[in-house]
Structures are given as C-alpha cells and as structure tokens.
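Listed after this line are the structures, all set down as structure tokens.
Note that chain A is present in both complexes that follow, paired respectively with chain B and with chain C.
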Partner chain A sequence: MSVPHKVGTVKSKQATNVKAPVAKVVKAAGKKKDEEEATDTAEGEEWMPGKTLVKPPDQLDLTEEELNEEITRVLTANNPNAPQNVVRYGFKEGCYKPIIFVDQMAIHFELEGNLVHKESDEGRRLMAKQAEREEGTGAEKLDNVAKAGEKERKLTNQFNFNERASQTLNNPPRDISCQTEPPPRANFSATANQWEIYDFYVEELKRREKSKEKQEGQVLNKEEDKSKKKIIQAETQSDDITQLAHAAKIIERMVNQNIFDEVAQDFMYFEDAADEFRGEKGTLLPLWKLQYDKAKGLSVTALCWNPKYNDLFAVGLGSYEFTQEERGMLLFYTLKNSSYPEFIFNTTSGVMCVDIHEQLSYLVAVGLHDGCVAVYNLKKKSDQPVYNSTASSGKHRGAVMQVKWQKDDLDSNHNFISVSADGRVVSWTLVKHELVFTDIIKLPATDKVPDDLKDVIATAGTSLDFHKQKDHHFLVATEAGKIHKGSKYYSSKFLETYDAHFMTVSRVRWNPFHPNVFISCGWDWMVKIWDQTIKSPIFTFELKTSVTDVAWAPYSSTIFAAITNDGKVHVFDLSINKYEALCQQKVVSKKTRLLHIEFNPVNPIIIVGDDRGHVISLKLSPNLRKKPKEKKGQELPKGPEVEIAKMEQLLSSLR
Partner chain B sequence: MAEVEDTLKRIQGYNGVIGSIVVNAEGIPIRTTLDNSTTVQYVGLLHQLTMKARSTIRDIDPQNDLTFLRIRSKKHEIMVAPDKEFLMIVIQSPTE
Partner chain C sequence: MAETGDGKKEDADYKRLQSFPLIRHTDMAEEMRVETMELCVTACEKFASNNENAAKMIKESMDKKFGSSWHVVIGEGFGFEVTHEVKNLLYMFFGGSLAVCVWKCS
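Moving on to the complex of A and B:
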C-alpha cells in the first residue's frame, strides 16, 4: 500500500530542483529504489489496477515541455563560500586593486596528527626521553602497569564513563599588521618642446663662453673680480623688478600708441586730399606735441634727428637769456612714446647745440652755454658725459653755438668741430679719455671794432655748416651779419666772405644736393639763398619778423622751411613758386617763439622747437612734397642728379 | 630700479589706463593697482594665454619669441608684455 506512494514520491523527487552533488546521490538512490519499486509495481500492478500519482502540495507545476527539457548541470571545483571581492591596497598605483585569484580551498575538517617518524630528529628525541623515563621509574613501572591493567579493564559505557575535558582559554585572535611609510611623492610635469631644447642649448653656449672668458681673464685685478661678483650676486638675489624694464618700456609705448592712436594713423597714412583743390598751397598737420615737465622754463636750443633710428631725435634745452639761471638738459624723444623722453641728461649749464654722429648714432656732441663741449655715449647708462672739456683743455670762452661731427681722422679717432661766441672755430679730437683741441680759425673782427680792440672783442660765430661733398669747406655765420666760407686746411684766412644780413645771421646751411647753393637767415627778417660763386644772393625773401631758423628739405633741392618769431612756419618750393611761400602756418599759441626746425630725413614730418621747451611735430601735406612732374612717355629719373638739375635750371633762369 | 618704478607709475597715470599688474615667474602678482579678486582672475587667465601664445610662436620658429600680446575687446584693451621672468599686464580703455 505504501508502495505506489513511494513510487510517486521518488518520481517527484527526481523532478524537483536539488543541489548538484546531493542530487546525484538522490538520483542514484532513486534509481535503486526505482528498480526495487519496478519489480514491486510489476507485482503490485496485478492486484492494483488503479494507481494515482500523489504530488506533494508544494511541488512545482511544470509543463510537459518543461519536464522534458534537458537541464545541463556543471560541476565545478569552486568553493561557493570563497569571497569574490577581495581587494588589496597597491602602493604603486595608489589605489585599491581587486584580487582575482582567491583561494578556493574549503577545509571541512582538520586534525593534527601525533605520529612522528622515528628516524626524524623529533622522533629520536622522544625515544631518548622515553628510555630515560623507563630507566628512572623502574619501580613505579610495576604500579603503573598494574594500574594500567586495571584501567584497561575498566569499560567505558554510557553509564559508567566520565570524560572530562578542559579547554584552555582561546585568546581572541588579533590581526596586527604593519605598514611602512610610503615613499614621498611629488607631481612633476614639464614640456619638452623644440624651443625649450633650443633655449637650453643657447644657455649652455653662454655658460661655456663665460667660463672661457673667466679662464682668460684671470689675470685681471682681483678687485675687479670682486666687484663683478658683487654685481652678479645682487642680480640673483633681487627678487624685484629691475628686469622688467624692457617689458615696461614696451607697455608704455603700447599705451601711448593707444592714446595717440589717431595721431599715429595720421602720421602714417593721412594725406590731405584738399591739397588738390588748393592750388599750390600746402598745409602742416600737427601731430605729436612732446614736452617734459622738468624742462619748464627752458627753451629748445637745438634739435637733431638720429640718422639711424628715424623716430629718435635729440632736443637740447637751455636758455638764450643771459640773465636766467644756468641749467640745461639733453633729452632724447622717440615718436613712439610721446609722453616721456627716452634719455634724459642733466647738464650743468644750458645746452646750446647738439649733433649726433653720422655712423655711430650713440655718440652725441653737445655744446654748452658756458663754453664747454661734451660728448655723451647713449649706450652707457650714466648721466655723465664720456668726454668733457675743461678750462685747461682749451674750452671756449663764450657759449658754443654749433657743433658738427666730422669723419674720423687718420688715426681713426672721432672728432668734431665747434664754433662759439668767442670767435674761435675749434676742432676737438677724442683721444682715449680726453678731448684734444685744435684751433682751426679765428673769426675776423668786424669793421666797427676799433683796431686796438680787435684782439679782445671777439666776433661771435652763430652757425656752422660743412659742405656735403667737399667736407673741408665750411660756412660760418657771425653775429655781425657776415658769412665766411673757409676751409679746414687754411687757418689764416677765409676763402670768401659774404655780406649777408644787417643783423645776426641765425642759420646758414648748404643745399643737400646742389654743391654751390646755400641758404641763410637772420634777425633782419630776411631769408637769402646764395650761390657760392656769386657775392650777392640769388633769392631774397622777406618774412614779417625775425627769422630764427631755416632748413632745407632732404628730399628736394628746392624746398626749404623757415620759422619766425611770431610762431609761423613758412615752407617754400622754389620750383613751384619763386616769390611766395607755399605754406605760412602758425603752429603755436601767442607769445611763444619758435626757435628751431628740422626735417626728418625719411618721413615727411618736421619738428619745431619753441621757447617753452615744447617740441611739436607736423606733417607736410602733399603739395609741399612735390617731386618734378613726369613727362608723358618718359620715365621719371630718380636720384640727386635730378635735384641738382632742378636747381641749376632755376639758377640759370636768373642769371 | 627706480626707473622701472617711475615707468610703472607713469603708465598707471596715462589717459584711459584702468589698471596694471606685474606677475612673477610663478604666476604670483607682485604689483597691482586693481583689487585682489580681479587681479587673481586676470593673472590666472592671462598667464595661461600668454604661455600658449608664446609656445605657438616658438614652436613655429624656435629663434623667434613673443614680444607682446594685445587683446582688444568691446570695452577695453588688454596688453601683455612677457619677459623672461616677469609678465606685465595693462588694461586700457579707448580714449574717446
């Protein structure tokens, strides 16, 4: 009766989900039972027609398909209890890393055995101990044996057997681990660009050169070395901003460019279109106005453009009044920074004239009001002149009115010539650290001076100019109104004398192109143009007040500009209009006198200095810069010959 | 030394200049005429930009180097002049 029931249960067991190893066992058991039951059922079926399958109430209901579905079982040797997410801290990466291979061994039972091999060390030791004990306790042995025997006879049954056990206290296990201090870490990053490598090589080169120099120069004084070391130390120690000078300069120029942006644009690009409709006339466009507040009260006494850097010019400041206090300045401005001068030199007395060397544009010669001449070197940062003439070395006894650099002499020493109010024309040579002077000529006394005083009262020279091609010829103008033409090689007499003006001649200049023409202007309101072969002037212009300066334009042989006491600039072009100025423009406010004018050698601008210490730059309009017109079909010949020809044409028309 | 200080003072006094900052090689402002937070912001941003610009110029030709950098915006113009160890920044608004 229980048989069919068993059959049913067995079958149900087969169908349920049981764990793998257990399932196998059950299956095996089930199979055995099945076989047994099969035989039983075979017998049982004879007398029990109906049999019902009894299912346990919680058995899964599966469809036929699901019952027939084959389920594969995989046996693995993994320990299901082993952890799968063990992590360890790795110092190399600085983070926790998971460990993939975990010990899969599951220990079910562990028993330490107490059998020791008799040949091993421990075995031998124990046997030796036992032998000792046997020898030692011979008497006790009998008792022991008897007791052992007795004990052996004692049977262990569940009523009579006592076993006592004790366990030592298991100390709670503790994990103590130690960790070394990790090595100190720092983040380092750098780039290795092509230019960084290049920089490094350049520095390496410099270092090697320095070490070479040091080796060569070890003969130098120790003192010099010490001073050098001090300087080097100071440079490396200072955390301050002396090295910022270059950047600060650039920034200042940029800021100025922004402020005077319109002016800069005008300077570069503005061409007055109205000139086409103005006929011959031209205009002057005011550009920058340069001033230095510490130069207040001083007048501009000299202007000179730098031949190499076309935006740099020198301004000499002093005073024409003899009663005013003696002080002077030499300033260098650049058009790129119109707010502050680039170089500032303070002089002990007023500067009267300035000249910059043609080739070495860092050498500047100045003539001072007290008769000294000085040479400054712009490359050196000092405030003092490199050379200075003193009373002993033949300085002038009157204010030096003009200085001009000459070509280097035969010993390749630099030299320059000065003319002063004491009537002497002197040549100065720069020899090592001194100025050596040579008198060239003395200006002849005027007729008005009585004979016996002729040696005492000097005729003051006011202006000096050297011929562009034959540079031994020069012109010197005097306060008396005469112009003398002389030569450096003749020290006793002048080659020629021209009665130029009734009053002081303020300026005399050779024409930059034509070899025979020069211009002069004086306080007698006149501007005169001369041919050196003719005693009387070719052109004479009368401007309404005394003319303080006149200058030829560097780009044309027939254009010149003159400035007068009333603040006007007059620009003439003889090839266009022989009688009138093309432009007469007032450029300063009332009561300011214009004192000096210079054309820029390259750009079409002029600078004008006034008696307030200001320098104003003006741009010449196109009408004032006209070149000779091209004839149709013919190419315009360029070069100084054209200019000479132009002048020659003019002159011949007058003769 | 005094000359540079003079120049800095002058620059600050020019028409339209809003502020000027001098930064040392590590990117720390050592002189400034603006308030702290603005300075720090300008320095941080412009330092990177200048380095990038300089790197660009030098990568193209290692013998070349950046002279200055100008950024004109609607409201004002930022001018940066880098040096070997320093950086000078000036902010100027157009004078109109």
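Moving on to the complex of A and C:
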C-alpha cells in the first residue's frame, strides 16, 4: 500500500537560491567588505583574519546586474521521464491526436502487504477461523473432520462422483467325494509255544545242513540264481523302456507322416485327372522311396507283400554278383514309416528270395545265396531264424532262387518249396525244431550238356510259381530258357515243357484269375503270355532291354507290369491294347537297374526294387486300373469270373 | 534221549546256541522283511527282560518307517489269529524261545 503522492508544486523563491550563490558571492565579495566591516564591526571585536575568497575555476563570471537578476525555478511533481508528446490515432477523426494527459506516475518501489480490512469478506472469514481455534482445542479433530467432510462433500459435488458395484457370477460349489479301495487284508493264525519254536529251529538246522552239502557240490546253482535275478531286474528296468518304445514308435510314425504328408495324401486320394485326356495311356506316380543305410551296396533281390497287413512288405537284400562280399539282409518296411524298416534281420549270406505265409503272416521263409533256407518268426524278437537248414539237412548246393509256402500238410506242419541254382526243387517241412527236406523233382539238364555230364551239371532254376487253384501244379523256369510245368505228385517227369526264351527266364507267374494262363519274362528282352494248353505263346512283347521281373495285377486278369534293365516300368492292359504298353515310365536314375516288382494286393500301388537297395513305391493312375465299362442299365457282375471271362475273350479272339 | 534232565538242559543250551533269528512265516517284500527282522532282533536284544518295551520300540519304529498302524506281540507262549494287510506280516522266532509277530492293520 502506497502512500499516494500529492502532486504539488513548490515554488521557492529563487531569490533565496540566487541569493545563496549571490550570498556567497556577496559574502565572498562582501567578505572583503565584511572584512572591512568585520574589521569595522569587529572594530570593537578582536581582529579576525581576513577571509580569503575561493572561486571555482568554472564558475560563470557574471556581472552584478546579472547576478541580481531574479530567476524563477518551479518544482513540479511531473515525471521528467514521462513522454510529453504522446500521440494516438483517433478512429473517429481519422487522424492522429495528441494526448494531453499523460500518466506521470513513476513507481520507484512496491511492497505487498498482508493486512486485510476487518470488514471485508476475507477479513471476516479469517476472524471466524481464529475464533474457532480459540474456542476449543479438543474439538479440533471433529472440526477437522467436519471441515474435511465439508471439503469432501464439496469435492464430490464438484466432480459428480458416482459409485457403482456389481457382483460376478460365482461358480456354484460342488461336492465331490471319492473312496479309495482299502488295502487288501488277510487273516493269519498261529500258536507260539516253546515246543513249536524248538521244532522249527531243529527243522531249520536240518535244512541248513542239507543246503551246505548241496552248496559244496553245486556252486554253479547260486551263480545261475544270481544271473536270473539280474535278468529279472533288467527286465523290470526294460519294462519302462519298452513302454516308451511303443510311444516312441507312434511318434516316429506321426513325424514321418507329417514329413511325407503330401505323399500320404497322394497315396490315398490322388487320381491323375489328366488320364482322361491321355487316351489309353497311364502314368505311375512315385510315392515313397524306402532305403536303409546299412543296405548300401546290396541289391534288392526279393519283394513280398504281407497278406495280412497291407502296408507291410518284406525286402530281401543280397547280391547277384558272385564276387561281391557275402552278406545279406531281410528288411520289413511299412508304408506308415518310410524312413526306417520295422524289422531288420541280418543274414550270413545274401538273401535271394522271400515268401510270407498266407495265413500266418509272421512266418517268413527266406532263401539264401549259399543255398540255405531259413524261416523267421516275426513275433519272436530275436535276430536269428527259427529254422535254418544246414549242410546236413540237405541244403541246396546253389543259391536258392525262389521259395513258396504251401498249405499245411496232412500232419498240419507248415511247409514250403524252394528251387535253386542246383536244379533241385525241394520241399521243406517244419517239424518241431527242424527243417525236413524232401526232393520233389530235379530239373532236367539242358540239351547242350552231354549225356554223361547231365547228372553233374545242374540246370539252374530261376523261378517257381504254384497254381492258384490246383495247388499241386507248379511252373518252374530255368536259366536255359525253358519253363517246366510239373506236379508235386510226380517226381520223375514234368508234365510239360515250354521253350520260352533264348536266355534265362527271370520270372514265371500264373495268372491270378484264369486257370490256364501264365506269363514269363526273360533276359532276351521278351515278355510272353502262354496258355498252358498251347505250346507257343499267345502274346509276345519285346521291351528294348532285358526284362528282370513281371507281375500280374491282383485286381484284373489282363493287366500286368514288367520292369527292364534300363529302369523302366511297363504296364500293359491286354483288354485295352494288345500290342503296346499303357505306360512306359522310367522310375530310377541312370545306371540303376530295376530288379523286382510287386503289386500291392489291396491298394493300387506297386513297389519296385533296384540294385542299390532302394525300394520305390508308385501309384498307378486310373487308366491303368480300368475295369470294363458298364453298359447303361446292366449291372456288371463283379468277381473273378468276370476276369476269367475277359481273358477267355481275348484268347478266343486270337485262336 | 539219554537222561531227560540233562537232555533238556543240553537241548536248552543247544537251542540257545542256535538262537539266530528265524522267520517262521512272512509275506513281506524282501527289503521290508530284512529291515523288520533286524529291527526285531535289535529290540529284543535291547529289552531282553521286558517284552513290553521291546514291542513298544518295534511298533513305534515300524509306524514311522512303514506307516500306521502296526501291531507287535512278543512272547514265549501264545496263540493268535489276526487280520493283517497283505504283504505286511512277519512272524519270527528269536533267541530259541521268543516268538515275535508283527503285522499291519489300520
């Protein structure tokens, strides 16, 4: 609060001001006079030293007149720094107008005070507060709360605060109770008497004496017991692992299916739509390629599908070269797991042929390169064959080229027949733990061999097949190119001989439907189809290189597939095209020879084995699987009779 | 045998010489059996004069080790018929004259 200045002008007589300097001058001038006067006045007084006059150097020298001049000085309250000629633009007149009254106030110092007038609002408020404080210190809290409440209320009102609440749904409680089975109990009763105790001790002593005697004699027993205990322990341990094995197997299959998912989808569902536009031709779609690391260097020598499990097949691995090292394998693959075989059996010599029993699909007969035959039982988890033929039990002197299971004989023993390079067709019977052999027939020697050596030099048999209906009839093919039809009941002579090929016949097979028809293929590039009643072939096909294997399709009597040395698979359907293959497709890379082919009995796929130990599965396209067209309105009779009729039609057309 | 009195004494000495622990009947597992037998032998040797304390010791140890609740009878002449949990019974002789029966039944 500032004290307002009162503007006022102070007029002071300039004369006084003037007089001051004048006075001074006067005094100065008068000092002389004064001196004189002083001297005069002070005549009476003591003599004073004369006052000397000191003039500042820059003082104006004025005349006396000028000195006596009255100059007015005015003291005003005007701010000397305030502007005197402020001009403002007047919009009314449209020109600049000078402002006469200019604010002259210059604030030199300001200080805000804290005094409030009693009567003002704030003053009254403060007084009230003070009064309250003085009234009661004890009631302060209440006051504060009241104040706080007031404040809060004020706040809530201010911000329009709303409260809302809700309750989520609580799951209803549920009672669950369970009663475990109590541990089993048993009753036991006995009497504890002195004589009982005594008797028992005596008995025990006797027992111990006896056991001591035994101990001295048979220390081995204890060791056996120990080893048995160890085995039991190991078995209990391996129980955990075997449980894991099952789970691991499933996971392995799942992983494989995931990896080869497209292949699996193709296998199930893919039907080549382009077949409609290809006319008669068909294609083979490659599916899985199955191989096993340790089988490198071995060729696939035999393929056999398992009749019970349609995705399981056996692969025999060995070598056709005599110079190569003697080892072989029997592998079982399943299409569900294409990266690793299900069963692996190592054999001492190369496997040449494999056959799986029709009813007991765990019995596998294997013919080896060194002439042995062996029977494996897949149910048993051992690596060794259940039966094995040895030199004493009449094993072949040459490689066993084909084995085929037969129906159980009269004593319900399983038996199978084998043909080998030593020219003997032998039947083997599984009697208890042994293989008993019976010679069925000996292949007749070729004409080229001179008479005296006929007994010595054998004609090697290369393929064997039994008739589907007439079980005792069989066909055996030789290296010399001849096919002999024989019967199990005649051991001296063959029923028929066919001059089939110029070179080795690699395969002969009966037609699965027609009772008279069989097919043969040989290294002389030919595939020939025969009627057993006629000496010459009905159909002959020449494929550009030596044919290694041929197989009939299980679903049609007129479809067959052949494989050749150049890696091609030829599929024929005689009911559609009698002269040309419906499909000629190369399925392996250069230099790999295809060695064996098999049709899957149920699914439309074939497996092909090559000389690198790989097995390739291929799907037949629809054109290759054709069934005869249905005439409208006529229901097609299905079944083997149709197939036979189809074949019969073909044959009759040629005769 | 020769003189019944001496014979009996000899038999008694003979018995005591052969006072090894002898299992009369059990259906316990091997480990459990061995452990229990050793426990009984220890207890009986410790409290040779007081069967009650020996039994107490055996019972408490068995309860701790194998769960409740065990029953133990030690004596020289008694007959019994008990219901026990399967694989939890041991009936043995010890010291030539002592019979111990241990069983579990909760």
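As a working rule, the second predicted complex is superposed on the first by the 414 of 655 C-alpha atoms of A that agree within 3 Å, B and C clash if a C-alpha of one lies under 4 Å from a C-alpha of the other, contacts with A are read in each partner's own complex, and residues count from 1 in each chain.
The working rule: a residue touches a chain if its C-beta (ideal position, glycine included) is under 8 Å from a C-beta of that chain, and two chains touch if they have at least 3 such contacts.
Small disclaimer: the values here were computed from a predicted structure and weren't measured.
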item	value
Comparing the two partners chain B and chain C, which touches a greater set of residues in chain A	B
Touched partner set for A:Gln194, first chain B, second chain C, both or neither	both
Contacts of A:Val255 with chain B and chain C, given as first, second, both or neither	first
First, second, both or neither for A:Ala247, with chain B first and chain C second	first
Partner chain in contact with A:Leu111 - chain B first, chain C second, else both or neither	neither
Partner chain(s) touched by A:Pro184 [first = chain B, second = chain C, both, neither]	second
Chain B and chain C footprints on chain A, overlapping residues	191, 193-194, 197-198
In the complex, chain B residues that touch chain A	1, 3-5, 7-8, 10-11, 14-17, 20, 22, 24, 30-31, 55, 58-59, 62-63, 67-68, 70, 77, 79, 81-88, 90, 92, 94-95
Of chain A, residues touching chain B in the complex	191, 193-195, 197-199, 239-252, 254-256, 258-259, 261, 339-340
Partner chain A, residues of chain C touching it in the complex	11, 15, 18, 22, 24-25, 27, 75-86, 89, 91, 93, 96-99, 101, 103, 105
Touching residues on chain A, where the partner in the complex is chain C	183-194, 196-198, 200-201, 204-205
